[in-house]
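Across the two complexes that follow, subunit A remains constant while its partner is subunit B and subsequently subunit C.
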Partner chain A sequence: MDDDQSAEETAFVVDEVSSIVKESLEAVIGRNPYEQKRVNQWVSSVVEQCLGQLSKLSKPFKYIVTCIIMQKNGAGLQSASSCFWDNTTDGSCTVRWENKHLYCIVSVFGLAI
Partner chain B sequence: MAFKWQEALCTSKTGFFIMANQPLPLSQETLAQFNRSMSTEPGASGPPRRRLGSISTRRSSKDQSKDQPHHRPLFLRSMTLPSSESSFLSPTVSNSHISMGKRFSFAGWHQGGRVSFSGLYLQQPIQEVYVENTYRMGPEPGCRFNASRTQQILQATLDSYLEGVCYSPDSCSQLCQMLADLVLSKLKDVNPPRYKVVCQVVVGQSGKQGIRVSSRSLMNPNTDNYTSAVFHNHSLFAVALVHGLYFE
Partner chain C sequence: MYDLAKKKAAHLLKKRGSLSSLSSHEVKAKETFAKTKDSISTVSYMEELGHHDDIPRPAVQMENTYQLSPTRRFPVLTVTSYLQEEKYEPELCRQMTKTISEVVKARVKDLMIPRYKIIVIISIGQIRDQNMRMGSRCLWDETCDNFSSHTFKNSSLFSTATVYGVYFE
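Up next is the complex of A and B:
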């Protein structure tokens, strides 16, 4: 019983993390169009909020949060990642979000200490 | 059912049971006598012959040091015992497969793995690897994540692989993944020990759109670091991010 609980507490739960990310995207960007002047601030806010919420989970993880915001102009975008880590304890979560005017890709990597 | 029997075994120095419902410990002399008589006979057969749970005091070489203080007796392996308590070693029980094969030590039984009649393990028991504690709290002085060297490698890789490449939606997804794997494999060679590496590559078409790539991490600034490289030509752009995190 204790082992199960401790395993759950120290595992990277993808659903939990993706819900945190989606909430912060909705809160920061919402339905705003792409604005050159504000995008810097948005990106910082999204990433900071995500990190803040993740650290509140109090799990023994180091986190890396990456955010890409791109204007919808017909151009293509690809993102890939490869990691040298421990498959059993570490995990990642990528959330693709969009509104009418922009695309947003947020990747969260959690590495167990 | 075997409780009475085992109790007797533990207390006696030389546990030896003959044919009786009640197990009786015997002396060394009787044991030797029995063994002699057994060796002269051809084999276990015939109705009046009782099948024996013969237990000798021979121990395997491995267990000598362990067994010295206890004098634990040995058991035969294949014994399918009937459920009734009293008839454990009864001669009238037909399906007691007690054989006269070689003996092996009781301690050996505990080690797991099945033992054949010749005393050799049928399957090697899985030996757990115990790694000693190194008492190391941080990376060694010269073994930190080298951001500048990683950045050079990253930049060189991007430049060499994306020179003159045109963006195409079909091939660029594979190109992107291939680049990420390639960068990781190059970094594995220069990676100091105990470091985990996360590498992310973003490839996009060069259009008139605006784009912002940003990253933030929760890590230990004394031991961990990150680096990035950018490449662009007339048709595409690429951003590579590498984080090196120390793993305790």
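Up next is the complex of A and C:
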């Protein structure tokens, strides 16, 4: 029973992380159009809010959060990541979000300590 | 085996300059055993790292810092060589991002920096008069974790490559 509990507490739970990310995006960007002056601040806020929520989970993880915000203009974007880690304990979660004027891709990587 | 491990734990704690008495050494040793699922794993961590990969390792004293300069070479060379003459095409670039990320990861692994986990992120995008912003923040240990990144641009596409190195305690 102890083993199960500790495994649950120290695993990277994708659903939990993905809901945290979606909430941050809704809160910071919401329905705003792409504004060059504000986008810098949006990226910082989204990322910091995600990190804050993740650290509140109090799990023994190091986190890397990346955010890409792109104006909707018909341009294409491809992104890939390759990771050298421990498959049993580490994980990643990528959330693609959009509104009428912009795309947003947030990736969270969690590495167990 | 327990006695031997306990002696080694006490020795290691002494080496670190800990001033605690022997009784608290016992308490500390017991706590460590309770966390790991198997007492064998504590002996193995003191001798040789990387034996029991599936058994969680207890904490080890931290060592070196990630060297930024060697890595900085790789994203530049790989990304530039693969993308110099390319035009943006969705299918091709999809494959290209995966290939480049694998190649960069392999080259960083070749550096053989022990006890580091590597994350490589590659993005390739089309240039079409749009504006975009990329940012990242990390919750880690500043003394031993670091990253390196590079951007490349030609007439029809741009590419960013970022490599993160995280120390595994």
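Rule of thumb we're sticking to: the second predicted complex is superposed on the first by the 113 of 113 C-alpha atoms of A that agree within 3 Å, B and C clash if a C-alpha of one lies under 4 Å from a C-alpha of the other, contacts with A are read in each partner's own complex, and residues count from 1 in each chain.
Assume a contact is a pair of C-beta atoms (placed from the backbone, for glycine too) under 8 Å apart; a residue touches a chain by one contact, two chains touch by 3 or more.
Not measured: the values here are computed from a predicted model.
Contacts of A:80 after superposition: both subunit B and subunit C are touched. Of the two partner chains placed around the shared chain by superposition, subunit B and subunit C are both touched by A:51.
By the touch criterion defined above, A:88 reaches subunit C but does not reach subunit B.
Of the two partner chains, subunit B and subunit C are each touched by A:43. By the touch criterion defined above, A:68 lies against subunit B and subunit C together after alignment on the C-alpha atoms of chain A. Once the two complexes are overlaid on chain A, the subunit A residues touched by subunit B in the first and by subunit C in the second are 34, 36, 39-40, 43-44, 47-48, 51, 54-55, 62-86, 90, 107, 109, 111, 113.
Of all residues in subunit A, those touching subunit C in their complex are 3, 6, 10, 34, 36, 39-40, 42-44, 47-48, 51, 54-55, 62-86, 88-90, 107, 109, 111, 113.
Note for the complex: subunit B touches subunit A at residues 167, 169, 172-173, 175-177, 179-181, 183-184, 187-188, 191, 196-220, 224, 226, 241, 243, 245, 247-248. The part of subunit C that touches subunit A in the complex is made up of residues 35, 37, 53-54, 56, 59, 88, 90, 93-94, 96-98, 100-102, 104-105, 108-109, 117-141, 145, 162, 164, 166, 168-169. Partner subunit B is touched in their complex by these residues of subunit A: 34, 36, 39-40, 43-44, 47-48, 51, 54-55, 62-86, 90, 107, 109, 111, 113.
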